[in-house]
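You will see two complexes here that share chain A, one where it goes with chain B and one where it goes with chain C.
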Partner chain A sequence: MKMTAERWQSLTLGIVGIALFLAAWEAIGVNRLAGLTWPPLSAVFQFMFDPTKAQLFIRAMEASFSMVILGYVTGSVVGIALAGLVHVLPVVRPGMDRLASVIHAIPAIALAPLFIVLISREFTGMAIAALNVFFILYVSTTSGLNNSTAGHRDLFQVLGSSRTTRLLRLDLPAALPAVVSGMKYSVPAAFIGAILGEWFGSSRGLGLLMVSAMQNFQIPLLWSAVFIASTASLIVFGLMGLLEQFVYGRYK
Partner chain B sequence: MSPVSQTRSPLDWVKTAISRYWGVVGVLIAWQAWVTITGVNSIVIPHPINVVGDLVFNPGVYLANAGQTLFLAAAGLILGMALGTMVAIVAWSSRILSGILVPLGLIFSSVPVVALIPVLARLLGYDVKTVLGIVIIISFFPAFVFTAAGLKSLPPGSSDLFKVFGASRWTRFVHLVLPSAVPNWMIALRLSAPPAVLSAMLAEFLMGKSGLGFLFRQSATEFATERAFGTSVIATVISVLCFTSAVAAEKFINEKWK
Partner chain C sequence: MNAPLSSAPATAPEAWAINVDHVGKTFTLDGGKELKAIDDVDIKIGQGEFVALLGPSGCGKSTILRLVAALEDVSTGRVTVEGSNPTALSRAHRLGVAFQDHALLPWLTIRDNIALPYKVAGRPVDDKRIAELLALVGLSGFEKARPRQLSGGMRQRVSIARALVLKPDVLLLDEPFGALDAVTRRHMNVELQRIWSEQRITTLLVTHSVEEALFLADRVIVMSGRPGRIIKEIQVPFARPRSPDVQRTMEFHHLADELTLALEPEGHH
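Presenting the complex of A and B:
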């Protein structure tokens, strides 16, 4: 990618914007402009990197991130697999579309009691994350699978390939950019699911830290937990963005 | 799809219904079967009949709380969209301002926003107004990002045309730039509607003062599972209503606009 003057300028402005934001955060905190519940950035960092707190954060991160990963992988696999299935068997597609959108319309807070009973408190976050991811990937994969051009489809037909061959050799590669975009946009959804799940009575994780710190007025702990979850999500989102650019360059 | 179905027989109608709703019905049947076979206690999972009963016999409890949640979500969504649009317009007027604000907006709209609810609740204080504030902030970012992008995506050549005819910056803005942002604006509305309802409920759930989220928390701690599931049903209905009306509005506007 060539760095034109315009790109340099927008990059610089972006960095300036982020720096201004962090500076404002610090200034508001130091001068107590927003009251006692807005700590300066430096105080949050100090708390976060305090060696005596390391154990606490590492345990919470292990618990939350394992739920995020499990939910993300489960949701992705099921979403892509079902999208492939309805692509090969178009008869079941309208019902599957409807089911996916009904599930998506149910707010996560309403599903929590069901999951707590059906699975367990600890895995509720994983289940909500998986459902969120499933919907995004099901939608993006089904639309991506229709991206192959009619000419190519005809060619496969004429050469007598089966539906499965066509799916694996033609439709799936054509759908790859849409799938990767879906995987990018489902990263924050997976984090939301896992954190939400922990609000409903899980015994560990970043979500639990947030709620208990909020109720007990532990302001630096509260901000640290939120900062860790948001930053982790942003980093993965950024990495998926890079993968997306690579795939778009390769397959489009 | 098929031109044959001009006169629809009842059989066709049943076929369409089955092809569209087999999944939803299947899940409901599986749920009922699971409850019947395992014979779980009704405190753990209530019977569907009891949930319906609680909804029918205590409409007052649900209506008052649902009304509050729906109002907060809708008002917050509208205010957040308005604020996001205004900031996007301000950013449009200056290259430097948009260069600074747009990346920040993008970062915030790709952060798991509901994680910010506890921080906002502490910042703004445990109050009904806080729920409104949270919904405003959460709806602000998509509105800002999409409107800012829409203000830039003008039809090719149109900007030159306006310049050739000597239109002022203001005329160009009102007659070209603003209208071309409308489809993007509708996308933002559709995308923000379900999170607005969800975040209103979550804020109520966490702070526990009033509203559907509070009702949910209260019934869950008192093991009033019928009420908890009834709340789930109402929440789903509200969420579906908001989403479908946003989709309908988007369709309507896009048809008028093109």
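Presenting the complex of A and C:
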């Protein structure tokens, strides 16, 4: 990746934009422009980095992020595996497509009570995260597996390739850009799912912190939890973006 | 070197490396309308013979190549390659094809692209053979490069190396240099002629260039379009290996004129 003038410009503009956003946040908070529930950024940071609160946040982060990771991995594996299955067994494709869209069409909120009964309160967030991630990866992988060009398919046929060899050496590598894009876009979905799930009576996690802070009017705590969750999601999203760039450069 | 098997009995169908036996091909279009791409085409290619199929674009010459490669099925007639159904050849990994679009896999290095036929055939990769072919197509030292880092002519040479790597019995070339500029193309033809003269594999080349067909082939078959039919056939008299100077002889020019005339729409009545 070369740092061209264009890249520098977009990077500088990005930093300026973020700085403006944070400054506006601070200014609105300090001047109470949006009332009591909008604290200045400095107040949120002060609360967040208070050493006596460290333990609280670390425990909440451990609980939430482990659910995010678990849900993300489960959803990805199931989504990619089922997409692979319908690619090899095209007969089941229409049925599976419909099932995936029906599940996706039901709001996660409506399913949450079901998960609480079926699994447990602690794993409801993970289940919603997995469901969100599953749908995105199922869709991106099924479409990705058809991304090989007609010329490449002809090549494998004249080389006398078996179906399995073609899947491994052509369809999967050709699908990789779409899969990685799906993995990028399912990062926020996994965070939303996990944190939303914790609202339904989980005993730990950032979602629980948010709900209890909201109910007890602990505004800096609420904003801290939101800030941590958003930052974590953005960082992972950014890292996946870098991976996506690399994969697009090589596989497309 | 495999000289053409002139001793084989010409009457038995097995004597022909490729036998396109009175073949017709009709495509059904989206609206249900039928399009006759080729009609009653009869081509016999002997072992170790290089035949060029010459014709304007859309005359069905690529369709014939795709029938021989078992990428399409015939509507009427029959195609046999080495005495059996064309699919048998590709299933046995004994067919080499270079397409107009190089069809290199962008995620593999040049070395791995040429090694692909071994992997698909489930055979151990012969790195000596790959090195030899890379030298043959003048790309030694590019093993670790990726297709996008190469020029169009270089990619085309890699795709020819890939077509040759398993020492196929039959080589099919579908306008492999069609997308190249005239200078590169002439250069590639000289290279291909040199490579082919060393290996003498039964080859069917599809092209719309008169000079390319004459310079490379033992026999040139001219087709007219819609539906594709054979209208002329000439034997190319130049001895091999051919030097590029052949293209400047009177005889070459004379044959080129004859073929060009045959290609013109009013040339055949």
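Everything below uses one rule, namely that the second predicted complex is superposed on the first by the 242 of 252 C-alpha atoms of A that agree within 3 Å, B and C clash if a C-alpha of one lies under 4 Å from a C-alpha of the other, contacts with A are read in each partner's own complex, and residues count from 1 in each chain.
Keep this in mind: a contact is a pair of C-beta atoms (placed from the backbone, for glycine too) under 8 Å apart; a residue touches a chain by one contact, two chains touch by 3 or more.
Note that the structure is predicted; figures quoted are calculated from it, not measured.
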Query raised in the report: Would chain B and chain C fit next to each other on chain A once aligned, or clash?
Result: fit
Query raised in the report: So, does A:18 touch the first partner chain B, the second partner chain C, both, or neither?
Result: first
Query raised in the report: Of the two partner chains, chain B (first) and chain C (second), which one does A:9 touch, if any: first, second, both, or neither?
Result: first
Query raised in the report: Of the partners chain B and chain C, which touch A:161 in the superposed model: first, second, both, neither?
Result: second
Query raised in the report: Can A:170 be said to touch chain B (first), chain C (second), both, or neither?
Result: second
Report task. Using the superposition on chain A described above, determine whether A:250 touches chain B (first), chain C (second), both, or neither. Result -> second
Requested in this report: Have a look and say if chain B or chain C is in touch with more residues of chain A.
Outcome: B
Query raised in the report: After lining up the shared chain so the two structures overlap, which partner does A:99 touch, if you call chain B first and chain C second: first, second, both or neither?
Result: first
Query raised in the report: For the superposed model, what is the least distance in angstrom between any CA atom of chain B and any CA atom of chain C?
Result: 9
Requested in this report: Using the touch rule from the top, collect the residues of chain B that touch chain A in their complex.
Outcome: 18-24, 26-27, 40, 44-45, 96, 99-104, 107, 110-116, 118-119, 121-123, 194, 197-198, 201-202, 205-206, 213, 216, 220, 225, 228-229, 231-233, 235-236, 239-240, 243
Report task. Could you please specify the touching residues of chain A with respect to chain C in the complex? Result -> 149, 151-152, 154-161, 165, 169-170, 173, 176, 250-252
Report summary line: Per the touch rule, the chain A residues reaching chain B in their complex are 9-10, 12-14, 16-18, 20-21, 34-35, 37-38, 91-92, 94-96, 98-100, 102, 104-111, 113-114, 117, 187-189, 191-192, 195-196, 199, 207, 210-211, 213-214, 217, 219, 222-223, 226, 229-230, 233-234, 237
Query raised in the report: So in the complex, which bits of chain C are touching chain A?
Result: 69-71, 90-93, 95, 97, 99, 101, 103, 105-107, 116-117, 119-122, 146, 172
